[in-house]
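Same chain, two partners: chain A is paired with chain B first, then with chain C.
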Partner chain A sequence: MRSFATARILLVGLGVIVLASFLPLWVTGYILGLLTLAYYFGVFAMAWDLLFGFAGEVNFGPTFLIGVGAYTAGILDNLYQPPIALCIAAGALAAVTAGVVLALPALRLHGPYFGLTTLVAVLILQNFVVVDAHLTGGEIGLTVPDVISISDAINYLIALWFMAVSGAILFWLSRSPVGLILQASGQDAVQAGALGFNVTKHKLAAFIISAFFSGLAGALLVFYLGSASVGTLVDITVSVQIIIAAVIGGRRTILGGVLGAVFLIAMSEALRPLGDLSNFVVFAMALVVVLLFPSGFFGLLTRTREQA
Partner chain B sequence: MSTAEKRAHLDVSGLTKRFGGLVAVKDMALAVGAGKILGLIGPNGSGKSTVMKLIMGIERPDAGSVRINGIEVAGWPSHRIARMGAGIVFQHSRPLHRQTVLENITLALLPDKLMQPFADPQTDARARAIAARVGLSDVLDRRPATLPFADLRKIEIAKAIARDPQVLLIDEPFAGLTVKETAAFSELICELRDDGRAVLLVDHNVKSVARMVDRVIAMYVGERIAEGSADEVMRDETVRRVYLGGSLETAARPESSFRDAATPFLAVDNVSVHYGKAQALDNVSIHIHAGEFVSVVGLNGAGKTTLFNTISGLLPYSGEIRREGAPLRGHSAAAIARGGIVQCSEGRDLFVYMSVRENLDLGGQHLPRAAHAEQIAWLFDLFPVLRDRQKQAAGTLSGGEQQMLTIARALMMKPKLLMLDEPTLGLAPVILEQISKALERLRQTTAITVLLAEQNVTFALPHADRVYVLEHARIVWEGEPAKFAAEMGTGYL
Partner chain C sequence: MLFWQILIDGFAISSLYALGATGFALIFGVSGVLNLSHGALMVAAVVAAWAAGNDLHAGPYSGAALGVAVGFAASLVTYFLIVRPLQTTRKIREEEKEIFILTATLLWGIMIQELIAYLYTNNAKTVAPIVEGVVLLAGVRTPTNEIFTALVCWLVIGLLWLLVNRSRAGKAVLAASMNPRGVTLLGVELSQVYIAVWAIYGVLVGVAGVLLGMFLGVSSYSVGPLTASAFSIVVLGGLGSVSGALLAAYVVGYLETITAYLISPAYRTIPALLLLVAVMYVRPRGLLGRR
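Now for the complex of A and B:
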C-alpha cells in the first residue's frame, strides 16, 4: 500500500515536471529566471528536510553547506578555469567534506547544541568570505568568468531537471528502509540503538547526503547567476528562508520543500509593489501557514486526496 | 520464527553505577539461562531499571561485567549489544507515530545497513507473522495513535521479538494493563521463554510475577537484598521489612477530631482522568481535613502522581475538586499554588546549578523580608544539614539532602496543603529516618495539612492519620494506618 502511494506521488511529480518543461514556450524570460532560482531553493529545502524531518536534527545553517559548495566552485573557476563540470563536482565534494568536519563533533551534542554549532559555522564562513577578499571577492561578491548558458530557457530546464532528479532521489531515500531507520533515530535514539541501529552512522549519512545536494545546488547556482555573494548564498537570512520554505512546504515530506520555495519566491515577486512591506507580508503569511497547517502545503495536498 | 539457541545466557557480576554522588547500582550480580525467567524486583528507585539499562548499554557501567552468551559487552554502545542478541521491551510505548503498526514492526526487522534501496521481500511476511503472534493482525495498517493502550504494548513486544533476541529484558510489562490483558501478556512472555530465550523480568512486586518466574532477586537502594524462589523472597525478613516495615507504631488522630468535618479543606469527588486511551484515574474520591496528614499508598502506575497533578490544576478531569467548599476548576495551576496548595514533585525539580540558599530564596520570593528570614531560620532548624550546605550547588547534594531541600523550598511558600509525591524515591533507610523525623516535627509543631503519596508503606503509615490505597486508577481501601497491614499488607510484597 505504501509503495503504491510512493509510486503515485512520483508519477504525479513526473507529470508536473514534464508539463513545467514546456513553460519556456509560454512565459517570459523574467519569470523563467525567478522559477530557476526557486528550483535551486527547492533543492536546498529538500536537502534540509532530510536532516530535520527524518534525522530529527535542526540544521540552522544550511547556507554553510551551500556556501562552501558555491564558493569552492566559483574560486576554482576564477583561479584555473577548469571545465565547469569539474568546478561543480569539486563544490559538491567540498560541501560534503565540510559537512563531515562539522557533523562529526556536532552530532555528539544533543538537542539545541547541534543547531547552535551549525549556526556558528555559517558565521565563520561568512567572516572567512569577507576577510579573505582577494580569493572570495569579499563583501562585493565573487564574479565567475563562465556561466553554463546565457539562455533563460536552458538555465531553466537545467534547474528544473536537476531539482526533479534530486527530489526523486531524496524522496525515494526517505521512503526506503533507510528512511525508516533515520526517522527512528531522529525520534527516539535510545530505542533505535536498542533495536541494533548505529544512530550516529545513520545521522552522519543523512548529513553527508544533505551536504552533497546542498553543495551541488549551490555550485550550479553560481554558474547560473555568474556570481556568488554572501547576501544571496551565505547570510543567515537565506538560511531562514530555506527553513521556512521546507517547513511551510511540509515537514517530513521532502517534496514539500519545492512547493515552499516556489511559494516564497512567487509571493515576494507578486508583492513587490508593496516595497519594503513585501517581505513583512510574506513572512507573516509563512507564520500563518506554520501555525494553522503544521503539516504544510504538501501535507494539505495529500490529506485532501486521501479524503477524496 | 527461528528459535533462540539453547546456549542463551546472561551473566552479570560486580555491576556498579554512580550518578554524581548517588550510587544507583552497587555490586550487582545476576545470572539467567536459556528457557528461564528471572524476576528482578524492588521498590521505586531501587535501581532495577538502571540495571536493565546497564545491561543493554543505554547507560555505561562504572564497574562490573556483563556477559551475553559468554561474551563480555560491558561498556559497549547499545546497538552492538543488541546485535550480540540482547533485546529490551521498554516500560513506555515508543512507537513511530507517523508509521503504521506494520511499518513499526518492519523497522525492527531491518539490518543496520546504509545501502538498502528496497526492503527484503521476506521482511513484510515476517513482520506480518510476528504481528499475528502478538495479536496485532487486525490493526496492521493503523497508526499507533488510534490504538488502545494494550496494543501499543504489543507493538513493543513485537519489535523485541523481531530482533529474535536470545536475552530478553522486559521492563514492567504489566503497568497500566487490565487484569485480562495482564494474563494475555504473561502467556506471551512464557511463550518467549519456551522458545529458549533467557528472560529478565523487572517489576515492583514479587506477587505480580510470582507465577511466571523461576527465581527472583530483590533489590533495594541499588543493592541485592534477597534471592530465591518467589515464595522464599516473599517470606524473606529483609524484603518484608523493606516493603511493609516492621511493627507499626502509629499516632493516628481520629477523623472526628478535625473540626471541618462537614466541608473538609480539600474534597476530590468522583474525579476521572484519561491520558489518551489509558484511564489514569477512575472515579477517585478523597478528602483531607485542615491539619490532617493523609497518605495515598499505591504501586507505580497506580495514579498517585496523576492525582496530585490533577489537584494542582495541571490536567483536565471530570468530576469536582473543592477547596473549602469552593470548586477549584477554572483556576490556573499558578493560582492554585499561590493559594497554598503546593506540590513537591517526584522528580524534585531543583535548580541544580543554584545554591541551596538561592533555591530556598526563590521559594519564598513572595514573602516580606522579615517573614522570609523567619521562615528560613525555622527551616534550618527543621533540616539542620541545609544550614551547613547553604552555599553548595543543589545538584551536588546527595539524594536525601536534595529531597530535604525540595520539601524545604515548598515550605518556603507557606503552604496550607503540602503534597509530597514519593519523597523516599531512591533514598537509603538512614536518610528516610531523617526525613521521617522532620515530617513528624512538622505534624506536631505546625498546623500544616499534608497529603503524601508513597509506595513505600514503611514510610507512609507511621505519620498518617488516614490512609487511602490507590490501585489501577481506583481507590480500593480507606482506613486507619493500624489496620493496613492486616487488611491490605499482602498486596504490597
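Now for the complex of A and C:
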C-alpha cells in the first residue's frame, strides 16, 4: 500500500514536471522568472524538511548553508573566472564543509539549543559578509561576471529539472530505510539508539545531504541572478520564508516544500496591488494554515485523495 | 576615562538587556514556550509610545504609559490567539507542539513587523525621554536618561522578584515552573498561571520596550535582532533560569560595549555570538542552567 502511494505520488509529480516543462511556450518571461525563483526556494525548503521533518532538528539557519555555497561560488568566479560548473561544485562542497563544521557542535545539542546555534551561525556569517566588504561586496552585494544563460526559458528549465531531480532524490531518501531511521531518531532518539541505530551518524548524514542541496541551489541561484547579497540569500527573513514554505507545504513530506514555495511567491505577486500590506496578508495566511491545517497543503491533498 | 565610560554605558545597556530577557526566560521557564514574537512585541510598545507623543501630542509620562499598555495587550493577544490554541489542539502531536509554537510566534512577530512598517514606515523612532539633561559621573558626561534606564530596569526586576517570591499568585507561578503537574495536583488551575505569566511578561516587555525607545530608538527592522539577542542571552544564562539570564545579560552587554569602544562598532555583536557558540559547545545548559 505504502509503495503504491509512493509510486503514485512520483507519477503525479513527474506528470506535473513534464507539463511545467512546456510552460515557456505559453507564459511571459516575467512569470518564468518568478517560477524560477520559486523552484530554487522549493529546493531550499525540501532540504530543510529533510533535516527538520525527518531528523526532528529545528534548523533556524538554512541560509547559513545556502549563503556559504552561494558566496563561495560567487567569490571564486569573481577572482579567477573558472568555468561556472567548477564554481558551482566548489559552492556545494563549501556548503557541505560548513554543514559538517556546524553539525559537529550542533548535534550535541537538541531542541531550542540546536535551533539557536544554527541561528547564531547565520548572524555570524551575515556579520562577516558585511565586514569583509572587499571580498563579498558587503551590504551592497556581490556581482558575478558570468551567468548560466540570459534566456528566461533555459534558466526556467534548469531550475525546474534541478528541483525535480533534487526532489526525487530527497523524496526517495525519505522513504528509504535511512529516512525511517531518521524519523525514529527525531521522535525518540534514546529508543532509536537502543534499537542499535547510530543516531548521530544518521543525523550527520541528513545534515550533509541537506547542506549539499542547499549549497548547490544557492550557487545556481547566484549564477541565475548574476549577484549575491545578504538580503536575498543570507538574511534571517529568507530563513523564515524557507521555514514557512516547508511548514505550510506540509512537514515530513519533502515535496510539500515546493508547493509552499510556489504558494508564497505566487501570493506575494497576486497581492502586489495591496502594496506594502501584501507581505502582512501573506504571513497572516501562512499563520492561519499553521493554526488550522497543521499538516499543510500536501497533507490536505493526500488526505482528500484517500477519502475520495 | 574610557574605562569609566565603558563601565557606565555597558551597565545601562546590560540592564536593559536583563529586563528584556527576564520576561522571555519567565515564559519559557513556566510554560516551555519560546516566544519568537518577543522583539515584535517590544517594538509595538515603542511605536505606541512614539505615536502617542507624535500624533496625539501626549506628554512623556502618558506616552510611556500607553506604550506599556500596548505591550501588555499585545502579550495577552499573543497568548490567546496563537499560543493557547496550539497548546490545546489535538491535531498536532504533543512532541511537535514546540516547533509549531516556534513557527507560529515567528510568523506572528513578522506580521506585527509588517503592520508597523505599513502604518508607520521603517524609519527609526525615538521616544521622548522622561528625564533629560546630562550629569557628570566619574568624569564622564552621562545622559540622565541612561541612569534613569538602569534604575527603572532594576526597580522592575526587584518588583518581579517580590511578586514571585512573596505573593500567593507569584508562588504558584514559581511552583509551576518547577513542576507543572504537582501544581495542578495542589488545586491550582494551570491555565490561570499561564495567563498570569503572560500578563507579567506583557508589562515587562512594555517597560523594556519603552525604555529602549527612549535610550536607543528602534525601527521595524529591530524585531529580528531584538528577538535573537533575548534568545541568546536566555540560552547563554541557561534556559529557564532567571538569575542566569540576568548574569548573561551583563556578560553580553559588556562584551558588546567593550568591542564597540576598543575595536570597532562594526564588530559589536561578533564576540558575543562566538562566546555563545563556545558556551553551547562546552556547557550546553548555559551558565546557570539547571538541566
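Note that the second predicted complex is superposed on the first by the 308 of 308 C-alpha atoms of A that agree within 3 Å, B and C clash if a C-alpha of one lies under 4 Å from a C-alpha of the other, contacts with A are read in each partner's own complex, and residues count from 1 in each chain.
Operating definition for what follows: contacts are C-beta pairs under 8 Å (C-beta built on N, C-alpha and C of every residue); 3 or more make two chains touch, one makes a residue touch a chain.
This is a predicted model, so every value here is computed, not measured.
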Do chain B and chain C fit side by side on chain A in the superposed arrangement, or is it a clash? clash
May I ask you to decide whether A:Asn198 touches chain B, chain C, both, or neither, giving the answer as first, second, both or neither? first
In the overlay, answer first, second, both or neither for which of chain B and chain C A:Gln187 touches. both
Between chain B and chain C, whom does A:Leu116 touch in the aligned arrangement: first, second, both, or neither? second
Quick check on the superposed pair: does A:Leu23 touch chain B, chain C, both, or neither? Answer first, second, both or neither. neither
Which of the two partners, first being chain B and second being chain C, lies in contact with A:Leu271: first, second, both, or neither? neither
Based on the superposed arrangement, let me know which partner A:Val178 touches: chain B (first), chain C (second), both, or neither? first
Check the residue A:Ala286 against both partner chains and state whether it touches chain B (first), chain C (second), both, or neither. second
Chain A contact check, chain B vs chain C, more residues touched by chain C
Identify the partner contact of A:Ile124: answer first if only chain B is touched, second if only chain C is, both if each is, neither if none is. second
Touching both chain C and chain B, counted on chain A across the two superposed complexes: 187
As the complex stands, chain B meets chain A at residues 56-58, 77-79, 82-83, 87-88, 90, 94, 96-100, 103, 106-108, 110, 112, 114-119, 141, 159, 163
Inside the complex, what are the residues of chain A that reach chain C? 52, 58, 105, 108-109, 111-113, 115-117, 119-121, 123-124, 127, 130-131, 187, 236-237, 240, 243-244, 247, 275-277, 279-280, 283-284, 286-287, 290-291, 294-295
Which bits of chain C are touching chain A when the two form their complex? 34, 82, 85-86, 89, 91-92, 95, 98-100, 102-104, 106-108, 110-111, 114-115, 117-118, 224, 228, 231-232, 235, 239, 266-267, 269-270, 273-274, 276-277, 280-281, 284
Chain A - residues contacting chain B, complex: 1-2, 172, 176-178, 180-181, 183-184, 187-188, 190-199, 201-202, 205, 252
